[in-house]
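Have a look at the structure below before the remarks.
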Amino acid sequence: MKKYLLILPAAILLTGTVYFLAPGNNNSRKPDLIVKNTDAGNEVTKPNDDDCCKAITITEGGYTDMSVYLSNGKWADQNGNKADLGKFKNKNVVLAMFFASCQSACPVIVNDMKIIEKTIPENKINNYRFVLVSIDPERDTPRVLKNYARDHNLKSPNWTLLTGSKNDIMELAMMLGFKYSKNSSGGFTHTNLISFLNDKGEIIFQNDGLVVDMGSVSKTISKLN
Amino acid sequence: MKKLLNLKIFSIIILLSTATLISMVIIQGCEKNESMRGTEFAKLTYAPDVPSPIMRDHPTKVIVNLETKQVVGRLADGVEYPFWTFGGKVPGKFIRIKVGDLVEFHLHNSPTSTMPHNIDMHAVTGPGGGAPVSETLPGHSSVFSFRAERAGLFIYHCATQPVPLHIANGMYGLILVEPKDGLDPVDKEFYVMQSEFYTKDDYGTPGLQQFSMEKALAENPTYVVFNGSVGSLTNSNALQARVGDKIRMFVGNIGPNKISSFHIIGEIFDKVYDYGGKDVTQRNVQTVLIPAGGAVIVEFTVKVPGTYLLVDHSIFRAFNKGAIGMLKVSGEPNKEIFSGKQKDEIFTGSQAELNGGAIENDDSNVIVNNESTSEMNENDINSVIEKGKKVFSRTCIACHQANGKGLPGIFPPLEKSEFLNADKERAIGIVLNGKKGAVTVNGQIFNNVMPPQNLSDGEVAAVLTYVYHSFDNSKKVVKTNEVTKIRNK
Amino acid sequence: MKFFLTILITSFTLLANAQNHENAKASITKMVLIKGGYYKPLFKKNGQSEREFVNSFYIDIHAVTNEQFLRFVKANPDWSRSKVKKIFADGSYLKDWQSDFNPGENVNPSAPVTYVSWFAAKAYCSWAGKRLPTMAEWELVAMAGKNSPGPNKDKKFNERLIRWYSAGLPQRLNKVMSGEKNYWGAYDMFGLIREWTFDFNTTNINGTAICGGGSAGATDLTNYPAFLRYGFNSCLSANSDLGNLGFRCAKDTK
């Protein structure tokens, strides 16, 4: 009786072993299958990764091809001094465009930038500059900007508020991809954008909207000097 | 004692190993199918061809390349239209993938385009079906990825502003997501896409056409076609199959406005996957509805050779706007299923008609109801003519017509008939017995068959008298006893 | 001797000036005055009525040509194809020109210059003492018919526009002013190229992204040419360079 009890599991064991060892049924992976498209009219291209890491020409002034500082705009800061964006060369810049009489979105943006400021480690904070550029040159004179900085506790030299010509403002906005348009009431409709520029003035990260993506921000900060 | 212990241990080991083996087999079996591996470039095809069924049993990464292009092409014979296309033709290429596949989609916009294009695929579960992230300027390419979550047959189309115009100009196609176990094997698969075109000029007007906003808003298409042009599936472009082929058709309808009533004349759809879904939802169906922006999968087996017409059964579209295609099936006839024409016979109207509806069955041996002539007074010519007119209107009018002019070449006239006037007895004989063979009436030859008339003697007399007194004839009079004499001859 | 030298120097100077003047003159397109008026944007801005008022301004009667742009590039070599910075123009900048300072045979010098970015267009207009027109200004000029300042309600007009928009890129663009002149005296507002505006990126900022669809908030759902135009604008980046996109300049009245 006991003998027969053993035969059944033994048979299963045998079958199982044969099954496993049989060709095509073992665990090894099949080679990856790559089938080329032979359709003549179809342009087959590899995924495009040449937007990154292409050789860039360094121009005079140490700016690269993609530097925002190429814009040549003439600005004035909250202290009434002439300013050139190029003065931020060699610093990491966190930049947003705003207007002083903005009630809803801009205060959130400024606050977001302050939060970002707090996450920067002590030993690096001096390498950073926080820049707010006004899109309302008619009303946001340097004096208005100075008051704004005081009211919101935005201290120099870390914080700079800028005003400029309509042309220069639009050019900077275009470089950043920031959209704004004047309302009939004198206010502005605009997108919400915080841009991170490296020490060459290149945009390396942008936070779109009013909510800060802290994960990406931390990653960006860790990449900067 | 030792031997027994050894045996016990041995048996436990065997049992455990077996259990392990069995579970490994089961796990491996599941894993084998579920894990994604490999990369493929998708093979896309132009209508009416379909890429071959997917043979792999696991999901994979599929790279799809599609180019948008503005191309002037043929809409109908002599008629051109400025199409906007996926892949240079209308409809766009057929994409075939499997559920679970990760698709890396490359949308290229030709540098010769004058506006941006994008793609919304109904197979994509994500905002806009991929449209916002695939918006592409001329001379640029966009890449985005999605996983095919659901099996089925789905439409894709351009969704750039203004969306209706991009669709109306030809930017659409089909994407098939095969289910896990694939589709049953068939002999032929075809890709058919119905769509409308709205042109300023009427159907068939030659030359380069332009889009008509007015007609599009009124939902009044000029052209309703299969696969982008009139005649794309007819005559030398017809779909081909052999007797016995199991056929599957992937049929889409993009609109942009109309719903399609898809039917194949002479066939029944054995299986219908309504709306292009995963399951067979109907069997043995004649006509399926395809919503605008929707699709259907139909399967059927052709058993008899011949030409089968694909139509939108909103039938004016098929005959007057181009919604017609052909499936030509070759092979051995099958007389049992379909015999073809067996006979051609003459038919001159049913007997019930001739008898004024008084008798309901068609039995020509039934004696006629005499009521119509029972009140006839043979001495009063007017009453005879009146009665005769009544008989004429029930009986003779079908062939000889109310005006007695007959049908040229077919039925002889009674008007000014020399044939009639020349011989009264012959006329009586014809009404009683019918006439076969050629006769010349008023200079024309007629070679048809006039059946014997099922009338009483009185009725024959009356009707002939009426005829002789009408249609400019000789005004002869025919009496009942004259008819009786000839009948008894 | 002194006298002779003076004459020589004077005439040289005069000639040089004249040459410059010629150059400058040729670069400066004739402009026409557009009287202030109302136009109806396709997408209503927040807090705005359906019609927007545009102040009077001057606009070029035709788009900037290859010839004119060549003068600009020669005077400002930083804007030549091999030197232009990637942030200001993408890889297709002046793609159809034979070389940096030579448009070549395939391009009609009197045809509008295309494959130029917004930055390049803006730089040109500044150099010429002008500026880019705003979208509102451009639309105000464009909505005029042949005989009135518009809006042009002619259905046939919309049909012709769709017909033009439907065609692909022609092999060679026609020269400027070969098309129609409208009420204001401006040529080729349609039928030749699309044109950059100063604030092209401001259509429907907070509404549905219309680069790719979405018509919520549109003021005229049957104006397909406007949808095509606004949709096109919404998809552009300031450094985009396309074969059917050029520009003309504007100027304030004061």
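Every chain is named by a letter (A, B and C) in the order it is written, and numbering of its residues begins at 1.
Basically, contacts are C-beta pairs under 8 Å (C-beta built on N, C-alpha and C of every residue); 3 or more make two chains touch, one makes a residue touch a chain.
Bear in mind that the values here come from a model prediction, so they are computed numbers and not experimental data.
Peer 1: Name the chain whose C-alpha centroid is most distant from the C-alpha centroid of chain B.
Peer 2: Checked the centroid distances; the maximum from chain B is A.
Peer 1: Looking at B-C and A-C, which one has the bigger number of contacting C-beta pairs?
Peer 2: B-C
Peer 1: Please work out the Cα centroid separation of chain A and chain B, and write it as a whole number of Å.
Peer 2: 57
Peer 1: Chain B to chain C: how many Å between their CA centres?
Peer 2: Centres of chain B and chain C (C-alpha means) sit 53 Å apart.
Peer 1: Which whole number of Å gives the spacing of the CA centres of chain A and chain C?
Peer 2: 32
Peer 1: Provide the list of chain B residues touching at least two other chains, using ranges where the numbers run on.
Peer 2: Residues: none.
Peer 1: Could you please specify the touching residues of chain A with respect to chain B in the complex?
Peer 2: On the chain A side, the touching residues are 2, 5-6, 9-10, 12-13, 16-17, 19-20, 27, 29-30, 32-39, 41-45, 47-48.
Peer 1: Quick one: which bits of chain B touch chain A in the complex? Just the residue numbers, please.
Peer 2: Of all residues in chain B, those touching chain A are 7, 10-11, 14-15, 17-18, 21-22, 25, 28, 37-44, 56, 60, 63, 65, 67, 87-88, 104, 106, 108, 141, 143.
Peer 1: In their shared complex, at which residues does chain C touch chain A?
Peer 2: Chain C residues touching chain A: 45-49, 52, 85-88, 118-119, 122, 126, 131, 198-199, 201-202, 205-206, 237-238.
Peer 1: Taking the touch rule as given, give the residues of chain C at its contact with chain B in the complex, in rising order.
Peer 2: Interface residues on chain C, with respect to chain B: 92, 155, 158-159, 162-163, 165-169, 194, 209-215, 222, 224, 227-228, 230-232, 234-236, 240, 242-244.
Peer 1: Any idea which chain A residues touch chain C in the complex?
Peer 2: Contact set of chain A toward chain C: 56, 59, 65-68, 70, 167, 170-171, 174-175, 177, 179-181, 183-185, 187, 189-191.
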